[in-house]
């Protein structure tokens, strides 16, 4: 009995296992959309009522699934404190913690379960490659974050110095200038805050010339790391093949 | 006779075939521009009349071409249901389906025929390389879309939580917040919607730091995949060369 | 005498040649800045007078240089109709063609002469690598431009269909929508034009998801081509070295 | 005694050395935040007083550290005129130069000391790789800056020509147009300045098509250079290993 359940829930190589996975994933996405619909202003009372029923239904299914997963786990405690175990708990906890409205957004984390489906063989390799690539560029990413952090801070100080007098309401402190700095350096540029003094514009001019270079660095790191990861994977496979022969 | 037509229409390695191809391509682009001109407000009646005549002319040519292609095809049904066959039909169908105005935009699909010209030997290799690259990164793109989807959803929930009270007309639901999220994460930043609360700005700050990294991932994947595709192509050629010797 | 002049003007490996090159480059940049200063509104009459004198001075020097280059050229006609010869002529022609005000902007092309300085050995390799890379990705760039062109046109038609009724002054034709499309797809997002209808926003949502992918493709192509070019260069050098031994 | 101090301050492989490093880094970040808090408008007198005390405390520590570093240095003069020595001095100098308010922003440079912590073995390699990559792409970056500079200048001249008449207050000179050019070409697009004439929009259309290609070039260069640097590092290690055997 327990073994059958395990096949259904844990093993996604069998047709039933896949079906179960797809059903849960479909329910997760549906409940995410329902959560978004709930936030719409001027909902009809019928809609609100239906959404509540659907919510109860989802939580019931997710709770059953959670309990079943504990039941079939060889080491229940290990599952409970695993990454997925905690996510599964967080997906249902908010409902039980009364009407803790916004916490329900945490259900979105449940969507990470989609990766379970990805554990199928054909996706295994891409996941693994991204894992290798992430490790390869870990040190560069840390360096990049430190340099970007310093650069953003200095940019904020600079623009505060140039614009504070002309626009005291907008660049009222370095923290306010930080908002401008991040919106500019990521090239989002909402247009709610921008320099108007000659000095501020010239400063921004040079900041942008350097900033564009900085923003493109992660693309370069990712590209280089993924290429390397691909190579490493191929080497491993070659080694395995030559060991088998 | 049929064979001659085939040489004219299908074979673009002969001078006549090339000429025919260029003529059709020119007509496609001209009819696309004509369609755009038609939408201009305050067109003179003479212009409208000319555009109508040109439209009839284009459809007449395209219909003739479509019928000829069916005629010369060795397996007419195969052509009719092929990718290009359907596009060729869609390019003329709207005209016959009376004044179905906006459907005429579908004519744009006819421009895909330009790729026929690209079938010339010198473009063959680039197409093939892109094909190999696309296959190489398929799994990573799927993973990327899932992660980006989750990230965008969570971002929308977060900003809704922070800004809904302060700007109830702008961030009136998670769907409305989704508009902000996509405009921000792609760094378009129209400036029609942006956070104004302290919490919303700090939240956006961290979202952007991660978001920029995410947006650059496809560039890295494309770069890595194109490099690999180039290698694969060269290996194949080397193999062919060594087989020939 | 002529040989001495040639050493001065053409040969930038000698100290005098380098000095001459730097002087001309400095004058080009100075005249570009002078041109920009001239456009400032409310210039003092003294400034305008000084700028005019400086302009005459620059043209005199550039004309002398141009004539000297013709004089020392082994094949004067070849120089006159070469890329640099035409640029040198265009840099002085506008002045002589009376007060053809805006044509003076063409002087900017003179700055291309800076590349002459780059002909020094240490820059030779980078130039050559970019040349190889450009040739390697020529076909992909053409494909990319065609796909982007089609995508931009279809996007314009789509947004026209969704937004024309709601904003008839902004999206008044497909040409006007094209402005929105290019500003959005390049992620500039001025904020002067954006969709306001539900349909237009959902359409933009999907366009952006695909658009970001498309915009990052050139980065990938450049990266892949530069890497490959570097390899090709190294192979060549290895071959040369092994030939010498 | 001196040797013990050296172990504490200079050597970050021992537990005490690490602790000292972390303490200094923490103090740097704290003083940077304090500096930003100081700029907030409407600070309570108590906060201002506390910030002043904290400032004095930080400067005292940093001065002690600076003097100790001179004391323990084998060649004190070499340290004083080294990169870090100058930064260490600049971090405390502004305080002593009376209330030179804005100069205190220079303290941000002290954060560069974080790199000292990075000198730990595990970060050594990433630093070195970035160093190699930077050298590999130096020539291309110079070329890129020259081409971008020319392109930006020509773009400014062009938009000035098209828009000056229609928006004389915004595009009042080429310098003003340069602001638009940099904000557009980096795809920031604040929306404070944009073309409104037909000619200006068509010009911008073509500038953006080329501009996007140009902006992505650095990503490609970084990616290619980092990949190459990784290879070079591996080759070196292989050589070292084979030399040891």
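In this document, chain identifiers A, B, C and D correspond to the written order of the chains, with residue numbering beginning at 1 in each.
We adopt the following convention: a residue touches a chain if its C-beta (ideal position, glycine included) is under 8 Å from a C-beta of that chain, and two chains touch if they have at least 3 such contacts.
Just so we're clear, the structure is a prediction, and the values are computed from it rather than from any experiment.
Asks: Could you work out which pair in B-D, A-D or A-C copies the interface of A-B, where over half of the contact pairs coincide by residue number?
Replies: A-D
Asks: Since chain C and chain D share one sequence, what rotation angle in degrees maps the C-alpha trace of one onto the other, as a multiple of 5?
Replies: 90
Asks: Using C-alpha centres only, name the chain that sits farthest from chain A.
Replies: The most distant chain relative to chain A turns out to be C.
Asks: Given that chain A and chain C are copies and touch, would you call their interface same or different according to whether over half of its residue numbers are shared?
Replies: Mostly same residues: over half of the interface numbers shared.
Asks: With chain centres taken as the means of their Cα atoms, state the distance from chain B to chain C in Å.
Replies: 28
Asks: Using mean CA coordinates as chain centres, what's the chain B-chain D distance in Å?
Replies: 40
Asks: Can you list every residue of chain D that touches 2 or more other chains, as numbers and ranges?
Replies: Expected reply: 178, 187-191, 216, 219-221, 223-224, 227.
Asks: Where on chain A does chain B make contact in their complex?
Replies: Touch residues, chain A against chain B: 32, 35-36, 39-41, 102, 105, 108, 111-112, 114-115, 118, 122-123, 125-127, 129-130, 178-179, 182-183, 186-192, 215-216, 218-227, 230.
Asks: Which of the residues in chain C end up touching chain A in this complex?
Replies: By the definition above, chain C touches chain A via 187-191, 216, 219-220, 223.
Asks: Which stretch or stretches of chain D touch chain C in the complex?
Replies: Contacts found on chain D: 139-140, 142-143, 146, 149-150, 153-154, 156-158, 160-161, 164, 168, 172-175, 178, 184, 187-191, 194, 201, 204-205, 208-209, 211-213, 216-217, 219-221, 223-224, 227-228.
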